[in-house]
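Input: one structure, supplied below.
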Amino acid sequence: MKALFKVPSSLLKIKTQGQDESTKAMTQKLIEAPELEVQKWLNTKEDLSLKKLRGKVIAIYAFQMLCPGCVEHSIPQARNVFASFNPDDLIVIGLHTVFEHHQAMAETALKAFIHEYKIKFPVAIDTPSEKDYDPIPKTMRTYNMAGTPSLILIDRLGFLRKYKMGHEHDLKLGAELMALMKEKTPMAKIPEEIKGTAQTCKI
Amino acid sequence: MKALFKVPSSLLKIKTQGQDESTKAMTQKLIEAPELEVQKWLNTKEDLSLKKLRGKVIAIYAFQMLCPGCVEHSIPQARNVFASFNPDDLIVIGLHTVFEHHQAMAETALKAFIHEYKIKFPVAIDTPSEKDYDPIPKTMRTYNMAGTPSLILIDRLGFLRKYKMGHEHDLKLGAELMALMKEKTPMAKIPEEIKGTAQTCKI
Amino acid sequence: MKALFKVPSSLLKIKTQGQDESTKAMTQKLIEAPELEVQKWLNTKEDLSLKKLRGKVIAIYAFQMLCPGCVEHSIPQARNVFASFNPDDLIVIGLHTVFEHHQAMAETALKAFIHEYKIKFPVAIDTPSEKDYDPIPKTMRTYNMAGTPSLILIDRLGFLRKYKMGHEHDLKLGAELMALMKEKTPMAKIPEEIKGTAQTCKI
Amino acid sequence: MKALFKVPSSLLKIKTQGQDESTKAMTQKLIEAPELEVQKWLNTKEDLSLKKLRGKVIAIYAFQMLCPGCVEHSIPQARNVFASFNPDDLIVIGLHTVFEHHQAMAETALKAFIHEYKIKFPVAIDTPSEKDYDPIPKTMRTYNMAGTPSLILIDRLGFLRKYKMGHEHDLKLGAELMALMKEKTPMAKIPEEIKGTAQTCKI
């Protein structure tokens, strides 16, 4: 697990949605997942986008190919999620968010990694920052991710429903994914208060 | 994993529900889960029954305390399921279905096992057969279980939704349990064709 | 891992051999392993004793059949040690040291356990104390074991060379066993200062 | 585990030392380990060589940083071996034998890998072949390694004592390493017939 040293405030807001008690109404409103800023898509016939995938649940695994926690836990879980659910309901995306050792984890290396680790789901290369002093790529910055591995779940309507740095237990993740997949409410019917994914889960 | 040598035909019928193609209509009809025949309940203030638990999803882990596969895989998973979900939605029951080494796995030994393995969910002792020649206890016989460990899932309406001998992967189980928990259809509205739990799962 | 609450002083003496600094000379002298006090031997054609096995390295796994740490770690390791080395050089003994739940772990239950866990090496039932108030069996008391699982290594000359409560890592254990097996010094030649098994190991 | 497609005959000779029955005398003769052909040493103050290390047991882990079996099994074991034994007796060397995805596993990437996987033992980069058509680096070719991960054990006298492609069990490896460390016979006293490392091990 690779943690960045500073977690900007905007990330904390995402992570703790529903816990900011400034106004009750605010906390209940979900945040629409910002679009991915992708330099290049691998493992897919055509470029994807969150917008194009609207209507499906999306599980995004942010990883770095040289991050031990990603290699040991997240990539195998992502493969298992990809193999276990119907792509009409759930899309798995790997997001290569390189924030260190940039030279060692360039596209050529990533392609070899994808080949060796038998990754079959789409992998997006996060766009590097245009600012020379900023090692953090754009989508990682936008989502204010705390490091790698990070797991992001987006519902059928495009709302951000879960952000977690580190590994999620398979049992809980399976339950959360199914809960999101079972939500088929059309846009018009979203209630003011949308209940979170994992509410049936104690952990 | 302890397999009995003979799997009676009635069990096969339960296991393959929806796959017997004699008539399409028949296969779609779910089987109501037969009541448990319990000699004694442990780890619970009052005796339970499937009938009393109607309205909740029920996960039954049939096990033997000296079955290595049960000890290594099923009991830890059952503990995790018990710890992860709201008891208003999901009940975990251990069912001690002793079909061998009966003397070694009597009530005193089971109580020590429950203590040592920190089992907090209710455990039912399956009632031994009244027939001297039959080592298989009554509920195990009724459900025609193929051995231990066996996992049984029952929906909120009391229908048998899954029977599996051996270990179920956490990711898939989490998804199946959540799918069952999300079914809140009142009795009157059950359609003729009830779709199975795991349909969104490819595996 | 099951710890007894009180570790009698004599055990501490065994555990810390070489660290008692009363006299340097004393600390270098090894303790002859006390004979096992066995109620009954299982899995062996004839009764064994440390004396009979003199000339071989002996690995004793003290366990309880309902001790989770024993079942998960020690028994599998003991099976692996038994399968990996030549019985002319190394003998593996399981010692059933029941100090709790006595009724649940009697001989019948132990036999079922041995069968189910495919234990092929000799298993000795430690003799219960004659004192009603003492739950700890005789060999466990003599060796002042701290609980289960416990691992005891005895060298070819009958000296106690290692006592450890809990699990030993395979790599280190393999090295220690081989070091003991490579000691072929005849009785007469034992130097005053016998160097310990694990001296080449840093951990 | 990454296997090369062709295993040249000379490798087979190394692997099956003692089993070639052309002449009994021949089979007993050990092969002196060929010197490593290293492009660059990392993680070490000065360049090493087998010759310089004469007198110590040497464990060489041939690996590729993008080989899943190496990352999951060999690197953690190598770290554990390095941490467990006295460097006066045993030296651990990582040998980066890149035979595929050469561009993705260049020195910069390897350094990032060494940092991320907390490798503290010396790592040698195997020298690439001068022949354009040959993807296999020089030491890998000389030893006729079958792929990665590969484990090579060299005794205090510089003889090749073990070659294994794939993972070796910790228990057996610990025993083999200790057997080699216990060999302190001076050069002059090597008997015509040197018995192999693992003879006490059945597996």
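For clarity, chains are labelled A, B, C and D in written order, and residue numbers in each chain start from 1.
What we mean here is this: contacts are C-beta pairs under 8 Å (C-beta built on N, C-alpha and C of every residue); 3 or more make two chains touch, one makes a residue touch a chain.
Just so it is clear, the structure is predicted and the values come from calculations on it, not from any experiment.
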item: Which listed pair, A-D, C-D or B-C, duplicates the contacts of A-B in over half of its pairs; value: C-D
item: Whole-Å gap separating chain B and chain C, where each centre is the average of the chain's CA atoms; value: 40
item: Chain centre separation (chain B, chain D; CA means) in Å; value: 51
item: Distance between the centres, which are taken as Cα means, of chain D and chain C, whole angstrom; value: 35
item: Interface hub residues of chain C, defined as touching at least two other chains; value: none
item: Chain-level touch network, classified as line, ring, star, complete or other; value: ring
item: Interfacial residue positions of chain D with respect to chain C in the complex; value: 77, 80-81, 83-86, 89-90, 169-179, 181-182, 200-203
item: For the chain A and chain D complex, residues of the former touching the latter; value: 66-68, 71-72, 100-101, 103-105, 108-109, 111-113, 115-117
